[in-house]
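You will see subunit A twice below: alongside subunit B first, and alongside subunit C after that.
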Partner chain A sequence: MTTDSLTVEDIKARTRAFIGKFFKNIELQDDEDIFALGFVNSLFAMQLVMFIEKEFGIAVEDQDLNIDNFRTINAMADLVKGKVL
Partner chain B sequence: MAIKKVGVIGAGVMGIGVGQSLAQGGYEVVLIDINDQILEHAEREIRSNLRLFKMLNKGVELDIAATLGRITFTTDYEHLSDADFVVENVVENWEIKKAVHLKLDAICPAHTVVAVNTSAISITRVGSLTKRPSQIVGMHFMNPVPMKPTVEVIRGYHTSDATIATAKELLAGMGKKGVVVQDMPGFVSNRVLMLTVNEAVFLVQDQVASAEEVDTIFKECFGHKMGPLETADLIGLDTILYSIEVLYESYNDSKYRPCPLLKKMVDAGLHGRKNGKGFYTYE
Partner chain C sequence: MRIELTEQQASAKAAFRAFVDHEIAPYADQFDREERVPTSVIQKLAREGYLGQVVPEEQGGTGTDMVTFGILNEELGRGCSSIRSLLTVHSMAAFAVLKWGSADHKSRFLSRLVSGEIIGAFALSEPNIGSDAKSVETSARLVGDRYVLNGRKRWMTFGQIADVFLLFAQVEGKVTAFLVERNSPGFSTEPIKGILGTRGSMLAELRLDDCEIPKENRLGGLGFGLAAIGTSALDIGRYSVAWGSVGIAQACLEACVEYTSTRRQFGVPIKDHDLVRQMMTNMITNTKAARMLCYQAGYLKDSGDSRTVMETWIAKYFASTAAMKIAADAVQLHGANGCSEEYPVQRYFRDAKIMEIIEASTQLQQMNIAQYAYEH
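Right after this comes the complex of A and B.
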């Protein structure tokens, strides 16, 4: 998929699919705090950074390295959206 | 003693963490391993870990490029000819540790304190290899090093008070503190942790509970951050097996016999988080 045809819904769907591999039997809401659920520890944040960089072909800069940008599917979609859309 | 330059031997998981923490503490670091491929991997990992650190510590002052710039990645021990302190983190294998410590003793200046980062090797025995047994100390760092505030510091038979003080000073510069214990196999941490992990594996083997259930009890009933089997996956099941075997050989006490399921998993190549599969599966 090229970034030309990427929509916010695509970003959310692909992010949700990635997280789904780690959260078994959980229906994750777009505004739910992944880290507050207690299923993953904060190390998971780095997996999210690497996933986003690879999946959407963007660079997460030093100033974006704030866990609040990775807490929810919505926050991650906003971050990616700001860089590719 | 003013510690400026610190050698870190071994750029595996522990060496990477120690090197990063030292660089973050402002020390000039020389990170040594046996080939460039390992060193390139170490550099990538440290960069990634510095990013994680920034992410988890909101508002922290951390210049990632400058911190990385304080680390020299090299295969050449001659860089240690003016090192004030060395932390050795090579694999927990006596012959390999021995060769490294003989080399360090020959190259490092007389004032250098050498720390053995180990959970299993006798500090007193390492000291016996060198001309400076009073300057050999154990430092059992916990993984991930940059996130763990406390280090088990081990006093060998001949380790001096001055060496213990220098070791504590180094740790303070890294934002950490040390708890000083005596030199007996497994020290405090591994003697308890390895038995706990081993018994948890027996529970899974005997079908008393699943790995998730065992870990849940430790987390939700005892308030531990991680259960014993998640911890085992993080440390590496091969390392766990090796550590419990060392305890078994050291004390000749059957309470340290390794669980057969643990041996089987290691034989099957299930080494935990580092290769994607252990008691849990990782991406």
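Right after this comes the complex of A and C.
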């Protein structure tokens, strides 16, 4: 997936769409804590990391493995933004 | 769609097969009986570059694609599941250092793992904890500039000889990953003997009694030990075991083609009996189906596609259960000879059972794979 002309809104929309495939019938807000909602198991977490890496062409590394970076769509967008924008 | 190995992959497969036929398969029953793999064999694996398959060339590894890595697992699994299991746990540790390690971790461990100077292993299971991995009881607490670990890890493949363990412990109630070296103060191992299958895999219990490691040996943040580091390492392990199961199935198939062609009953080779042909047909079909699922999982890994996580679960589920059935049929086709140590099928049968338990049990897979259907 190209990251040319990528906007924060694009990042949020694509991330929301990916999460939505796993958790149907939920209107996830950008600032909702997916851990607090009980969405996250280890399999989903790994798929989420792989999705972010492939979709936005970045490498999630050791120092990025902080729960706060994956807690909300906003946080994930910030993580991606910090690496590609 | 094109389902065909590239010229490079086909050439690698031929080389792996020749290596296994010459260096591994003739000695596999001996490794099984003696419950150990000689250091000289591990050194041969290292010399062939097999211990650095998941590490890119620029980091000193072989840098092969995941399909080729899978083929290597099939071929080693065809020859000796214990040696395939070394590749599994060593690759899991090397992958974790590569993917999640700091520059310091990489400089301290990666090149030595690739060269085989040190052996890596994986330490998650405990006496009281198997599938419920998030409930590990081993603890780690930060004291000054060191983590102090206490607990027991059990069933560690090649735990008798591994130099560094990707190990999981609770820190403030969160499962966290560490690299624990054998020479750490307070670390010891106890060999586990008499296991049913993969008897050469040198299992050990790890004992952590106020075991001290540098705080820098933590991988990732608190609480991500299982969610990203453990799961991604287990994904590599599960992929390796899936392919290893295909190897067992292929070994059974080849043994049965030979045996049923030469063994005669009622005046004809037993391959001429219809019920034998039925069993052979099921063996062939299930072996090929398992291999195709493994190819798909590998292709998705090489594409960086997150669907590989569940496709690997499915491949491992199918391949391990198929290998068990195929190995049972292989023993059946060999009759009393199949129960004797003069024929390798009894070893395949015992090894196949282990495949249904390690890197997620059949039942855990059935729960997770079904759940996947409701999510997508």
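Throughout what follows, the second predicted complex is superposed on the first by the 80 of 85 C-alpha atoms of A that agree within 3 Å, B and C clash if a C-alpha of one lies under 4 Å from a C-alpha of the other, contacts with A are read in each partner's own complex, and residues count from 1 in each chain.
The rule we apply is simple: a contact is a pair of C-beta atoms (placed from the backbone, for glycine too) under 8 Å apart; a residue touches a chain by one contact, two chains touch by 3 or more.
Everything numeric in this text was worked out from a predicted model, so none of it was measured.
Participant: So if we stack both complexes on subunit A, do subunit B and subunit C clash, or do they fit?
Facilitator: Clash: subunit B and subunit C overlap once superposed on subunit A.
Participant: Taking the superposition on A as described, I'd like to know which of subunit B and subunit C A:54 touches: first, second, both or neither.
Facilitator: second
Participant: Taking the superposition as given, does A:30 touch the first partner, subunit B, the second, subunit C, both, or neither?
Facilitator: A:30: touches no partner chain.
Participant: I want to verify the contact counts: of subunit B and subunit C, which reaches more residues of subunit A?
Facilitator: C
Participant: In the overlay, answer first, second, both or neither for which of subunit B and subunit C A:62 touches.
Facilitator: After superposition on chain A, A:62 lies in contact with both partners, subunit B and subunit C.
Participant: For A:40, using the defined touch cut-off, is the partner it touches subunit B, subunit C, both, or neither? Pick first, second, both or neither.
Facilitator: second
Participant: For A:22, decide between first (touching subunit B), second (touching subunit C), both and neither.
Facilitator: A:22 contacts both subunit B and subunit C.
Participant: Could you tell me which of 135-143, 261-269 or 297-305 in subunit C overlaps subunit B after superposing the two complexes on chain A?
Facilitator: 135-143
Participant: Check subunit A for residues that touch subunit B in one structure and subunit C in the other, and list them.
Facilitator: In subunit A, positions 21-22, 42-43, 45-47, 49-50, 60, 62, 65-67 sit in both the subunit B and subunit C interfaces.
Participant: Across the complex, what residues on subunit B touch subunit A?
Facilitator: 48-49, 51-52, 54-56, 58, 64, 144, 225-226, 283
Participant: List the residues on subunit A that touch subunit C in their complex, please.
Facilitator: Its residues touching subunit C are 21-24, 40, 42-43, 45-51, 53-54, 60-63, 65-67.
Participant: Show which residues of subunit C lie in contact with subunit A when the two form their complex.
Facilitator: Per the stated touch rule, the residues are 100-102, 105, 133-134, 219-224, 226-232, 235, 303-310, 368, 375-376.
Participant: So in the complex, which bits of subunit A are touching subunit B?
Facilitator: 21-22, 41-43, 45-47, 49-50, 60, 62, 65-68, 70
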